[in-house]
Amino acid sequence: MINRRQFLGTAAALAGASAIAAPAFAADPIKVGSLLDLSGGLDIYGKPMADAMTFAVEEANAAGGLLGRQIKLISYDTQSSMQLYTQFAQQAALKDRVAVVHGGITSASREVIRPVLDKFKTLYFYNTQYEGGVCDRDQFDTGVTPAQTVEKLVPYAMKKWGKKVYVIAADYNYGQITSQWVKKYTIDNGGKVLSIDFFPLDVTNFSSTISKIQEAKPDFVWSALVGGAHISFYRQWAAAGMNKSIPMASTTFGVGNEQIVLSPEEANGMLVCYNYFESVKNPVNTAFLAAFHKRFGADYPNVTELAMGTYQGFKLWADGVRKANSVDRMKVIEALETGISIDAPSGTVTIDPPTHHCILDVHIAEVKDKKFDLLQDFPQQKPLDTAAVCNLIKNPNDNQQYVIKF
Amino acid sequence: MDLIALLAIQVLYAIASLALISVGLAIIFGMMKVINLAHGEFLMLGGYAAIQANRLGLSIWIAMLVVAPVVVGVIGVIVERAIIRWLYGRMVDTMLATWGLSLFLVGLTTAIFGNTTAGLSAPLGSFEIGRYRMSVYTLFVIGIAIVVLGGLLAVLRFSRLGLIARGTMQNANMAAGLGVNPNRVYSITFGAGAALTGLAGGVLAPVSGVFPTIGAAYVAKCFITVIGGGASIVTGTMTASTLFGAVNQVATYVTTPVFGEVALLAAAIVLIRVLPQGITGRFFRRSL
Amino acid sequence: MNARARNILGLALVAVVGIAVLVLTPRLFDLDVVLNLTVYMIMAVLALSLALVWGFGGILCFGQSAFFGLGAYAYAIAMFNIGESTAPLLLAILVPAAFAALLGYFMFYGRISDVYLGVITLTVTLILFNSINSTAGPEFHIGSARLGGFNGIPGIPSLNMPFFKDWQIDLEGMFYLSTASLILTYFGLRALLASHFGRTIVGIRENEQRAQLLGYDPRFYKLATFTIGAALAGYAGCLFANWGSFVSPTIFGLAQSAQIIIWVIIGGRGTLIGPILGCVGIQWLTAALGANAPSGTAGWQALLGNVPLILGAILVAFVLLVPKGLVPTIADLGAALGRPRTRALVGRTQEAAPR
Amino acid sequence: MSAALIETRGLGMRFGGVHAVRDVNFMLGERELRCLIGPNGAGKSTFFKMLTGQLRPTSGAVLLRGEEVTGAEPHEIARRGVGIKTQVPSVFDGLTVRENLWLAATRMHRGAQARAAVDAMLERVGLSAIAPRLVGQLAHGQRQWVELGVVLSTDPDLVLLDEPAAGMTDQEVLRTVELVRDINKTKALIVVEHDMQFVRMIASKVTVFNQGAILTEDDVEIIMHSPVVRDIYLGKRAAV
């Protein structure tokens, strides 16, 4: 669709230009770009991620940087605006000439910057849990996908509560596709999805939905609600006294620290499934939390799934650079494709070469008084959903997001 | 049967909340012909005021019913003195200035509270209608709306303030004729409108939660309700919110919240086209 | 007469500057600067569309972004279905224009004015936003184009030379196209406003009743102005869809509408060059504030990097202190310095909306 | 029948309960000059508004040269050759004097022709000196002249003047009188005026409005001495 020739041309010209314009001295720092929403509707996700990125870079520099060079973090506030995502992605690639871009929160923002960074041959890490299916050799996705979380949580919840599920989801890619996965796994486990309702991210009045749910009498509700406005659902749900009678499971609850915003009465008992919780027990995590709270204060609310994704994304890239002994895009990609693996606070995290996604631990937990109690661990889960459609070793030039058919 | 009852209450609730969030704007528009586009942010501030007060240990009732209106009322008076006063008679400019104000307030609150949704848990628990459970708070909101509109009606009809107000509505000089300085009437009016808005914001905080940009979700609706209602404050607000609230809630139940919104907006466009002066511009002309 | 002379001088100046930007930028600056300028130029075209409708036509349109968005979506959808950009480009202009014509007929021939006009345009924008925003499901598609809801439509094919499918425009080409479009739009509008039509719409803005008693039909003239503005906004939308090769519902949003109005206010109602400057200035400011915003910044820094805060303050300040906007105010100062008169068609009335 | 340039049949206008104008049968021939007098609120301005289409009559009909134009849009009626100078000068404040006239003239002519017409009109109403000034900055009297010029520039067959002499100095009044006479050489006029001197100077025939209806219609001298008229209206102004 896009005119490759032209872009290659541009890119080549560019590479030439950069070679002349900026001869790389070993001394000058390695630039890392970060594109996150630090203001606007999505900054509840963006701010913790930015903190994690800042922390990761400072940590690396304190340890002597990469390849003997310091790392310079160039952070952009995309203000939850798609136009600025494009603008800043171009800026990072062309003006700052960063070695890698970490960032993007919603699938929308990812799909906006991915082509831009492809175009200008800049390596891209997307560190958010998402709906899966992205297949692009230029990009790495360190977040968990439905096959790693939904696939575990659905049967667990069904065993605990029953077979009738009512799904409510945010009305965009993530919600749409995730709810399809929920439906698939529910049916696979012999259950039944009563209804799937979608809500745009700015809906705040759920009263009629709540009565619809009461009518349907599900055994439990699956929430794939996202963003600030949707928190009011949990409130209205509790206010109607429903949290006593119908339990809830989710793979989005907590990502925006909902469990802290809501009162225990409102949130307790909710089941969630993620790669990382502060309550994960291992020495790496203990050390990490200690250092992190030292930097950002002991009262720092909570290191979210996305924040950890960002931290681990950076660590993976850094290892790739060390292994390639260069920041050159292609060399780093090849290094990472050897299946690099790190000991992260969430456990071992390994790059899955054919998909550029991650193999990692996931945990099911229950909300308990603004914290998460771990219930069950599932070590080293593969991104099977994406693996089903994407193999970058076989066809390295593949570049698209697959919408997985059932 | 119980479904009917449930729906009835929900429709009532939709109407009540619409009336509640609009009435402050209606006062300001009806009396000063000022369209306050920062109205949504006034609601938002009311919400934050209530939540903060509650965090500081005040009872949720005091926080919602006293602190919220007082705080926002004061802010209203300041805004009137600082901005609105200089723009009387320049309706469009007033609109733009208040729009700027709304952006400003969004930015300010974001800087102070961040974007995380703050909120109170709704008190009063829930009750059963046949197969359904519903929050008692819903009824409370309906009650508040009735009290506010009734009270306003009484004030306008029977108090001296009301007389002056009605006078000013007819024409500004009349207030002067009554030996009152119109400027004072205006800042009182604006303050009162803001206070009621703050009250609404406080009362709705437990239902919808509060975050800096929530105003945007409200302002258009209020705006439309007021314009659709026309000049007379109470009747206009009541008739318009009844119409729109019902349309919205029914459409929402039958389809989705989005379509509910769209139906409301569409209804508004048609109404304005048919009755450019709003409902009370055509019917119940003499009403308040 | 020297007023005319100054007028011609001004035009010449604009032409020279415009062409200089057009020719020199890609030679003097890196690609990223060129790309940023491209989007500024595109937005400036959008600013001009409202400058015409509001600044000269006196029609307060809170929904200019609706036409912008319609243009962008029309182009994207048509592009996925057709694949050759000639027809999509035309559709991007015609669809918003037709929509505006309908809406305008509904409003102007229904005797709806100023504030109520604002309400309706605003409402229509919200309807479009809400509707498009809730089309994420796979069931929502036009031909082979999925609407994508909140996520919008990524990977839109770029323009090609009319009727030559493979001769696609590249990044620099995009810059040339946008800049040229802006220059042409500017002079096109200057010509339009100098014409009888242009003077008539200004007359109607100044005194609708009198214009009518002279035998001009305000409804028709307003409708025409509104439609032209929409077509222009739609064209800008098409360029925008090309620049980022994506569209998303946020371009219908209130924030977008607010931006456009702010550009015009700051630059000045009743001028053309003003809104262009206002647009570029604000765009630049927004981007500058967002760049290099590390996390955990101190309070007051956070305030400085806080875009809505700054924009809001600017808007209030301008309405209160510089209600005419920069360019007319400067022009007045110029006039005050012993010049007999400045451009007469510069809006002199406080209230841009027709009485 | 065809003699009548403008005619109204049983024309009536009610606002809510109030009858502003009721059952007015009025007729004016080509190139005729008529003065309307009557106390404030007698319905003169409402009558004008109905003739020009600014108000839609609630009853009766307006005919131009025998064709019904009742409830037509103001611009349609204007295009049929009716021009009005309103009570409060209604002009384009943001435009220059020249542009004001130009906008009016271009209804009839284009290009050079229009410019010529504008220059001629500037001469005729004596505004050439201030042609480039913004009308918004002019004095009340001057704006009156601008409006007259604007109205005449559309070259109407029927000119309605609503209190043309209001707020004018004595010699301005005299100039207005001359202008009116001059206009009347080629066009018909209806003039609403309180100043009886002025009326005397221009009119032969006068129509008296009272409480929204035509009280009487006759030669100016007779009207001046009619006791009835004196009672309802001139009484207080007999001295004039």
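In order of appearance the chains are A, B, C and D, and numbering begins at 1 in each one.
Convention: a residue touches a chain if its C-beta (ideal position, glycine included) is under 8 Å from a C-beta of that chain, and two chains touch if they have at least 3 such contacts.
Predicted, not measured: the structure shown is a model, and the values here were computed from it.
Ranked by how close its mean Cα position lies to the mean of all protein Cα atoms, the top chain is C.
For subunit B, the chain whose average C-alpha position is most distant is D. If you average the CA atoms of subunit A and of subunit D, the two centres end up 76 Å from each other.
A straight line joining the Cα centres of subunit A and subunit C is 36 Å long.
A straight line joining the Cα centres of subunit A and subunit B is 39 Å long. Rounded to whole angstrom, the centroid-to-centroid distance between subunit B and subunit D, based on C-alpha atoms, equals 49 Å. Annotation for subunit D: no residues touch 2 or more other chains.
Touching two or more other chains at once are residues 110, 216, 256, 258 of subunit B. Taken residue by residue, subunit A touches two or more other chains at 39, 47, 171, 198, 200, whereas all remaining positions touch fewer. You'll find the chains touch as A-B, A-C, B-C, C-D.
Within the complex formed with subunit C, the subunit A residues making contact are 1-3, 6-7, 9-10, 14, 17, 38-39, 47, 50-51, 53-54, 73-79, 81-84, 86-88, 90-91, 93-95, 106-108, 111-112, 115, 171-173, 175-176, 198, 200-201, 296, 403. Interface residues of subunit C facing subunit B in the complex, by the touch rule stated above, are 60, 106-107, 110-112, 114-116, 118-120, 122-124, 126-127, 130-131, 133-134, 254, 258, 261-262, 265, 299, 302-303, 306-320, 323, 350-353. For subunit B in complex with subunit A, the touching residues are 3, 6, 10, 13, 110, 114-119, 121-122, 125-126, 131-135, 137-138, 206-209, 211, 213-214, 216-217, 249, 252-253, 256-258.
For subunit A in complex with subunit B, the touching residues are 39-44, 47, 171, 197-200, 202-209, 211-212, 214-215, 228-229, 231-232, 235-236, 238-242, 245, 256-257, 261-263, 265-266.
If you check the complex, the residues on subunit D that touch subunit C are 52, 54, 73-75, 78-79, 83-84, 86, 90-96, 99, 102-104, 106-107, 110, 132-134, 136, 150, 154.
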